[in-house]
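Quick one: structure below, then a few questions.
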Amino acid sequence: MNAHSHTDTPRHADRVGYALVSPYVVFFLLFVGYPLIFSFVLMFHRWNIVTPMEWIGLRNFERLLGDPLFYASITNTFIFLFVHIPLQLAAALGIAVLLNMNVRFRGFFRTLYFLPVVVSGVVVTILWQQLYAYDAGLLNRLMTALGAARIPWLVNPDIAMGSIAIMATWKNVGIYIVLFLAGLQNIPSELYESASLDGASPAARFFRITLPMLNPTVVVVLVLSTIGGFSLFIEPYVLTGGGPMQSTLSGVLYIYYQAFNFGHMGYAATLGFVLAVLVFAVVVLQRKSVETEGTV
Amino acid sequence: MKRGLLYAVLIAGAVVFAYPFLWMFASSLKPEAEIGGFGLWSSSAGFHNYAEVFSRIPIGRALFNSILTSTISTTSVIVFGSMVGYALARLNFRGRDGLYYLILFTMMVPFQVTLIPQYVLMVALGITDTYLAIVAPTLLSAFSIVLFRQFFRGIPQAFIDAARIDGCSEWTILRRIILPMARPVVVTVAILTFMTSWNEVLWPLIVVRERSLMTMPQLVTLFTIGGESEALLGLQLAAATLLALPIIVGYSFFQRSFIESMASAGIKG
Amino acid sequence: MCTFWKHVLRGTFSFLALSFVVLPGCREHSPDTAPVTDVVTLTYWPAPNPQEVAFADTIVRQWNRLHPRIQVRMQSIPVSVSTEEVLLAAIAGGTTPDICSNIWPGALHEYTRAGGLLRLDRFADFDSVARSRTPDPLLQTFRSPDGGFHQMPWKTNPVMMFYNRTLFEESGVELAPRTYSEYFAAAQKLTRDRNGDGIIDVWAGERDIRPIWWQRLFDVFPFTIAASGGRTLFEQGEPAFATPATEGVFAFFQRCYAEGYYPHTYFAGGDPFILEKKATQFSGPYLVATLQSLAPRLRFGVVPLPVPDDHTGPVHTYGDYKNIAIFTTTRYPAEAWEFVKFMVDARQDLLLLTVANQLPVRGDLLTNRMFAPYFEKNPMIRSFAEQVPYTRGVDAAPDLKELFDALSQEYESCAVYGRKTPSQAVLDAQERIRAIVDWNR
């Protein structure tokens, strides 16, 4: 390809192009390039910003390997994903299939289901803090009204992360309903018609046509939920502070604590790097496994 | 019969997603002792919790800060994002494709890596506790560039050639011809950027300590977890309602655009 | 050619235009340049609680009347998660005030390492001023590792046990408990359903169940100091608290939760001691004023912390010290020092007692006739003043906050949730603290 095909002077197009992309170059250097390089430098230092940096070699990594809180944050993230992803997929797909059934007021329902998506996570978290309160929370009042026992949503270390995952599902499911709905509407109706002629049951049609055709959307939901799970911050920050027993300490929350409560910029950068590598690895693995499954 | 069940499920879903917000608003009007019941009505409802929130924290100022910073981010992302997107879509210059791949690559860099160094940069530039620090990392976004580029590639070359023959500069072409045609993508980018910026809490928490500069979600967060709300539910719910209100109002007018924009952000994955 | 420059110009312009919108935010906060007038203005940050703000307000007004040429401007510390965070950030940003009276010795290490604090012994009269107020052995515990003094010992809040007399009498507990066994015996009677609706609504005690590091300064840490006869977490720079005394403290709280004497829930809606939902509270003397203003009908007493049954000798405790420091950003060190001296004068110390109910770190607290009328009127505060000689501060270790965080989390696992034995939890806490300290070497 000739870069200078339809321009008046040979270098003119280059110049105009460079001028137009220059804001991005500046932005990239400041907010991506420099941080990437600097985070690499930071990983080998102990630094609280105010005093000079101290080179400490691999001690941040040594500390990380022996840090119970690091392992806790990773385990917690996986617990979150383990609850959140299936719930999200099932809820989003289920509601999308219902909405796809020639429903009246579809737009109205969609608007309502989408409401938590647009509202700030802070609002949702404050609201759910009240819903989840053990003694007087709305959910436990509902439980006792139904004659069931109260659930220690946020105070039991075994279920607190699950509770946060439910809340996150409630907050985000609207997006995925819309995505699945779009996916459903893209499935050619002939596929269903020919399957019906072959005598396939509704369930068989769902599993043989709907699900495989929605595979790209499923991958999107998986990847976005995973990235979201690894980015969890404001929910545990407001709801639990990472407790009880560090059961809701998320990776980003731990980075935040290390950096801004304890002033350990180097260690926080190390945690961030390792966490980022993990997100990357998990997403790649998911894509590989789920996408091949779809094409088979 | 079957349809009845379908609507029952859908309505139950609507209750699940919308009722908590109604409850939040209703409870924020109630006196402290009455919060906790399912009911929405209270005979002693009033705006005392709101009055109290306004007297305890500078939430009006925070609203202004949030509107200001979100508007700056949005304007900047549209102006610079469309410039870069246009260059990548319609101009030939050396390194163009490399730059495009670089932009795609940056979308895959998790923020966990860059968060701390970005904060360090703010400290090094001496701009913590300024509006500039709040907006700086959001003045451009790789995703918006990609959106603009995709849209601009679909515009027929004839429009651009005609303008070039008339002697328009590329800048003029972008502003006078391309952008007016690109209204849908501008709306998408505007909504996405504004929402992201409006809802962001982690970054302001990190770079702003000065109360008068805090954004609304940040101030409300600190109000809730700090001692100032004295764990009073009514105050927390009132603060949360105030935070939710501008977005809910915007959403009720432009639901379609909101949903489409945010869903398009989902598809990028 | 021209168009290229046009593009660049336009780009720069739009960037500048944006910057202009953004910049006013920065301007407000750049350090003021020296005023042309010869009036010196000092900024002073007191602790952000109402009593201390009231105290600070009073003394600043007095000072400003007496010193028209050195005006002090009081600002309460910006609200955030903790003063320490705010101060470190301020040091980092060069936005510290001239003087702050909310310096926690546990964070001093970090402040001085950051070069944020002025050495006070550079002032010729530091020694005489400090010694005339604080007994020398106590004064020496505030010396920085570099041998200098970066803080003026100011006030201390010994942690003691408050108890609600009404709840004690209602439950038939006659004496305030002195030992763990006595505490448990009382707790069994105190924890009950007061209004008869079948739900427990009064507890013997309550602690925030979230592992907030500074909460340990009011339970595990002072209890450990008490149980060990005055030892803290470190010995000669090494963590050395995996002792039977600490295990006993963990076991004490574990039992409080296991038996239901302490609730497992997080209280919303106000302090449960003020609301008379818990019978005992561990706190400093400032609670006296809070109780008197917020719950004037609440009848309470104050006693030293409970100790193991076989304990002998005086009961020690933790004293929450808050000291005064001058920051290196000050442009008027001499004037700032004058103000500090004014603050620690006996007359201001009397104000500190009367306005804020907090104890100045003075040797003559119980002997100086100036203070006698106050203690006569406030016998409750007198018991705190009696504790002062048996008060210990926090260890001078780096990252104290993180150390207490680790301690808190192990305490939480053991005491609140009963998932670890006391000896295991104490050992784990010591190991984690050692790892943090080692990483810091």
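Order as written gives the chain letters A, B and C; numbering starts at 1 within each chain.
Note that a residue touches a chain if its C-beta (ideal position, glycine included) is under 8 Å from a C-beta of that chain, and two chains touch if they have at least 3 such contacts.
From a predicted model like this one, the values you see are computed outputs, not experimental measurements.
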Legend entry - Arrangement of touching chains [line / ring / star / complete / other]: complete
Legend entry - More contacts between chains, A-C or B-C: A-C
Inset, instruction - Could you tell me the distance, in whole angstrom, between the mean C-alpha positions of chain A and chain B? - result: 17
Legend entry - Chain centre separation (chain A, chain C; CA means) in Å: 39
Inset, instruction - Please set out, as single numbers or ranges, the residues of chain C touching at least two other chains. - result: 3, 7, 11, 81, 92, 268
Legend entry - Multi-chain contact sites of chain B, meaning residues that touch two or more partners: 80, 83, 123, 139, 169-171, 233
Inset, instruction - Hunt down the residues of chain A that sit against at least two other chains at once, touch-wise. - result: 15-16, 20, 23, 49, 136, 241, 260
Legend entry - Residues of chain B that touch chain A when the two form their complex: 6-7, 9-10, 13-14, 16-18, 20-21, 23-24, 27, 35-38, 80, 83-84, 86-88, 91-94, 96, 99, 102-103, 106, 108-121, 123, 136-137, 139-140, 145, 169-171, 174, 195, 198-199, 201-202, 205-206, 217, 220-221, 224-225, 233, 236-237, 239-241, 243-244, 247-248, 251, 255, 258-259, 262-263, 266-267, 269
Inset, instruction - Spell out the residues on chain A that touch chain C in their complex, using ranges where they run on. - result: 9, 12, 15-16, 19-20, 22-23, 46, 48-51, 56, 59, 63, 66-69, 133-136, 155, 157, 240-241, 243-246, 257, 260-264, 267
Legend entry - Touching residues on chain C, where the partner in the complex is chain A: 1, 3-4, 7-8, 11, 15, 81, 85, 88, 91-92, 110, 113-116, 209-212, 264-266, 268, 399, 401-402, 405, 409, 412-413, 416-417, 419, 432, 435, 439-440
Inset, instruction - Spell out the residues on chain A that touch chain B in their complex, using ranges where they run on. - result: 1-5, 7, 13-18, 20-21, 23-24, 27-28, 30-32, 34-36, 38-39, 42, 49, 95, 98-99, 101, 103, 107, 109-123, 126-131, 136-138, 141-142, 170, 174-176, 178-179, 182, 219-220, 223-224, 227, 230-231, 233-234, 237-238, 241, 251-252, 255-256, 259-260, 265, 268-269, 271-273, 275-276, 279-280
Inset, instruction - State the interface residues of chain B toward chain C in the complex, per the touch definition above. - result: 32, 68, 72, 75-76, 79-80, 83, 123, 126-132, 135, 139, 169-171, 209-211, 213, 222, 226, 228, 230-233
